[in-house]
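Two complexes follow with subunit A in common, the first pairing it with subunit B and the second with subunit C.
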Partner chain A sequence: MRSFKALSWDGRPCPSSSGVGVLARHSRERKDKVDPMEALLYLGCTVPVRNLNYESSARLTARSLGITLHDHEKFGCCGFPLKSLKAEDTLVVAARNLALAENEGMEICALCNACAGTLTETAHVLDHHPDVKERVNTRLASVGLRYEGPVRVRHFMRLLWEEVGVEAIRESITRPLTDVVLAPHYGCHYLKPSELTAGFDSPDVPKTLAELISVTGAEAVDYPSLKDCCGGGVLGMSEEVANAMARKKLEDVSRTRAHALVLVCPFCNVMYEGQQKKIAKEAGLDLKVPVVYYPQVLGLALGISSKDLGFKLNRVKPKELLDIVEG
Partner chain B sequence: MSRTKLNDLDPDFKNRVASQPGGEGIKACFACKACTAACPVEAVDKRYDPRKIIRMALLGMKSEVLGSDFIWLCSSCYGCSEVCPQNVRFTEVMFAIKNLAVAEACVPPGLTVQKELLKRHGRLYEVTEFENDKRAKQGLPPITEHPEDYAALLG
Partner chain C sequence: MTIKIWKFFQREQLFECYQCARCTGSCPAMEVAPALGPRETILICLNQGHDRVVEDEKLWLCCTCNVCEDRCPQEIPICDLLVALRNSAARRGNIPIRLGMAIELLAKTGRSMIVHQLDEMRAHHGLAPLPPAPVDEVRDILKKTGLDEVIEI
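== the complex of A and B ==
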């Protein structure tokens, strides 16, 4: 384990991992000195297998905006799927990933709302409850790891919002998405529970995604079911209930002028893109709502090609959108 | 549903829920129904009603709660937690209730499959050469599975 070296995407060794991972754990100064525009990219289970368009576009846009994302080849599942079985197992599995990040002295940047939520929650619980932390660390010892904390976890979007900022993004836009209309979907764990997301965005009046859409030059539309839950959390238990939950938003968005629904979570994608055909068929509706990931949209505005942004992997082609942007 | 007889009730059930991590808030509920109004699952399936689940648990209807199919329908959206005036944190209470159901061997098969996958692959979706080839074609680095840690941690 100690011989592990984190590599940045283009294969350069990451600065804090040249054999000093062990040191980093004990050295506060070291952690504070790390460039805030550097983070460990946390892919989770779904994105690197099913959403290569999200992963590619996140990496490309991060790079073009000056965020250096490093890979950690030992990251695995965040532990969210275990929470219904045994909440402490989730803490242990999440803490394993946090401890790996801590050894590198870097914060975590997650692409999935559920991963970001689970890792943030775990760090919060362990940092505030020394007894739980000790229990978790006793179990982590079996794999040679320990979590001292704190380790910071942020969603990719939060990194864009807080570290790059809307103004700096505006200055980097080379191909404004004029005439493009987009419908944002935040997703539950992006906004809630507010005890964890406080200071970032509001669950009642969310704005970060809409503003990050607007800065690309596109128009962000509002619609009645903006804050609806996608139903992804229920899909494994009842497809009927999950589909019924996702349907309203797809119908609402198809009635707006939006060229696509914009997501930031692979769970939401399973419902709105993966289940869309089935939902439409069951309801006897003619739904063809293109579903895209935010970094794909941002990437277009930064001048990156639709090919590199993985648009060929989007199931309902955002043809009109791409015609407007790339002609 | 057959009528619950008084002596079927387990008065200690609410204490067991409250002693689970996340279950602490259950006794503070004053039945205002704000959670139910905010629940997106209740909106499409009336069998699932957060306030009713809390009432049943507080009354001690242990087997009805733990044995029911509907407790697995919570999407963990935190809508209820956000609106609750009593800070019951019902999303977490639901996890506590589900954890108790699992301890009593009332567990839907899909969930145990996920745990087995984690022990076998360290992730929900296996990454084979096929996936890594696809990743390479998109210019992405390969993924390595580390099931050994997950197997050790999850017993």
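== the complex of A and C ==
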């Protein structure tokens, strides 16, 4: 297995490795892994506040598969919300995090599609446009930071796909999710712009999430609105429009045999889980589509309990799914 | 204050557009709402000037999904155009209220959402408390970049 580090790791410890309390219980030494995989976990604004099930399940599954995630206590906003107001601010706020990661000599692993997208795009812009990089660095100097680059940024799913790999995950499965049917939802910034995701997945025929679902032993179903946008991007402008966008997929998935819709982004979660009740009420529909995060599903297949994976926090209970897996 | 959006986006690139409407046909917001549409936006910019777009609140019905740009056969950086237009709109005070509130919250607290009794909740789920958000640093950066000219922070 090749080393995934974008920069040489100088051995300095990270300022903090907090947040791993629950992890120790699931530590599993994997002697077949030669290169230790390390990354700085970038939680973003939403996950550690509203989606603790995503955070704990990602931490637990990473640990179980031999990825060491370090916390960085100085990480801040990724800059995504600022882009529509002042695009250059996004670059500076994002570059602040990239510079912090560069000082630690580690790549960034993000859980949110918007964070992963914004940080990746910023690194791409700064690495390809020296004039923009200088402008950004002039502003970063006010907080004593500088970005030289390159710093690599990857979504948690991309780390699983590219570094752990489907075969290694298959070997680690201790509780195959036989008879479980799941509907994948990728999310826009997971797949696009394709300039940044090239070589990872295709925006037209995406497959990574479906294959990572299949490797758990569950069946990944296809459905008409697979590639639809959740609408989260316009929630701040028009709830009506955002809900109308999310509704189609929820209806589609409720017509499949799927026991749950599987997400990898907290913004998509706001729409499909957070807004689901409202969408159903407004449209006069009887919608009860359980929404889960991929690491929760993976965690079940790795033998981790639904309690530790935070299933209590899933608002529409994936009862059938858990009944099949845990009886 | 009029901002020349063409400083951030090369107007010449729009001449590559042959109005095939693949962008608008792919736009998820257009499917459910009377949004502006990427094809229409480009046409208005070319024929009537970008002022017409910048003053229209429908400009904000974009979920930034990038599908228009990804599918453009002429490889026009449509998302960059839409971002430049929204940045210009923000400068003129055309900002959705909820977006403005989120940014104010970000500048004041370092987070885009209100955090309440979080440590107990995290502890309950076996997670360590979050370190404080770097609010001073983020605010410094935002002031340095002139965001305070766009909205009050």
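By our rule, the second predicted complex is superposed on the first by the 291 of 327 C-alpha atoms of A that agree within 3 Å, B and C clash if a C-alpha of one lies under 4 Å from a C-alpha of the other, contacts with A are read in each partner's own complex, and residues count from 1 in each chain.
By our rule, a contact is a pair of C-beta atoms (placed from the backbone, for glycine too) under 8 Å apart; a residue touches a chain by one contact, two chains touch by 3 or more.
Remember, predicted model here, so these are calculated numbers, not experimental data.
For the composite obtained by overlaying on subunit A, subunit B and subunit C cannot both be accommodated without a clash.
By the touch criterion stated above, A:Leu285 is placed in contact with neither subunit B nor subunit C.
In the superposition on chain A, A:Val316 makes contact with neither subunit B nor subunit C. In the superposition on chain A, contact of A:Val92 is made with both subunit B and subunit C. Shared-chain residue A:Cys229: touches subunit B and subunit C both. Residue contacts after overlaying the shared chain place A:Glu55 against subunit B and subunit C alike. Contacts of subunit A with subunit B, set against its contacts with subunit C after fitting on chain A, overlap at residues 43, 45-46, 48-50, 52, 55-56, 71, 73-74, 76-77, 81-89, 92-93, 96, 139-140, 142-143, 188-189, 192-194, 203, 228-229, 231-234, 236-238, 241-242, 244-245, 308, 310.
Residue ranges of subunit A in contact with subunit B, taken from their complex: 7, 9, 43, 45-46, 48-50, 52, 55-56, 59, 71, 73-74, 76-77, 81-89, 92-93, 96, 132, 139-140, 142-143, 188-189, 192-194, 203, 228-229, 231-234, 236-238, 241-242, 244-245, 308, 310.
Against subunit C, the residues of subunit A that register as touching in their complex are 16, 18-22, 43, 45-46, 48-50, 52-53, 55-56, 71, 73-77, 81-89, 92-93, 96, 139-140, 142-143, 188-189, 192-194, 203, 228-229, 231-234, 236-238, 240-242, 244-245, 308, 310, 313.
Remark: subunit C residues 8, 28-29, 31-33, 35, 60-67, 69-70, 79, 83-84, 86-87, 90, 95-96, 98-99, 102-103, 106, 110-113, 115, 118, 121-122, 125-131, 133-134, 137-138, 140-142, 144-147, 150-151 touch subunit A in the complex. On the side of subunit B, the complex with subunit A involves touching residues 20-22, 40-41, 43-45, 48, 72-79, 81-82, 89, 91, 95-96, 98-99, 102, 107-108, 110-112, 114-115, 118, 122-125, 127, 131, 134-135, 138-141, 143-146, 148-150, 152-154.
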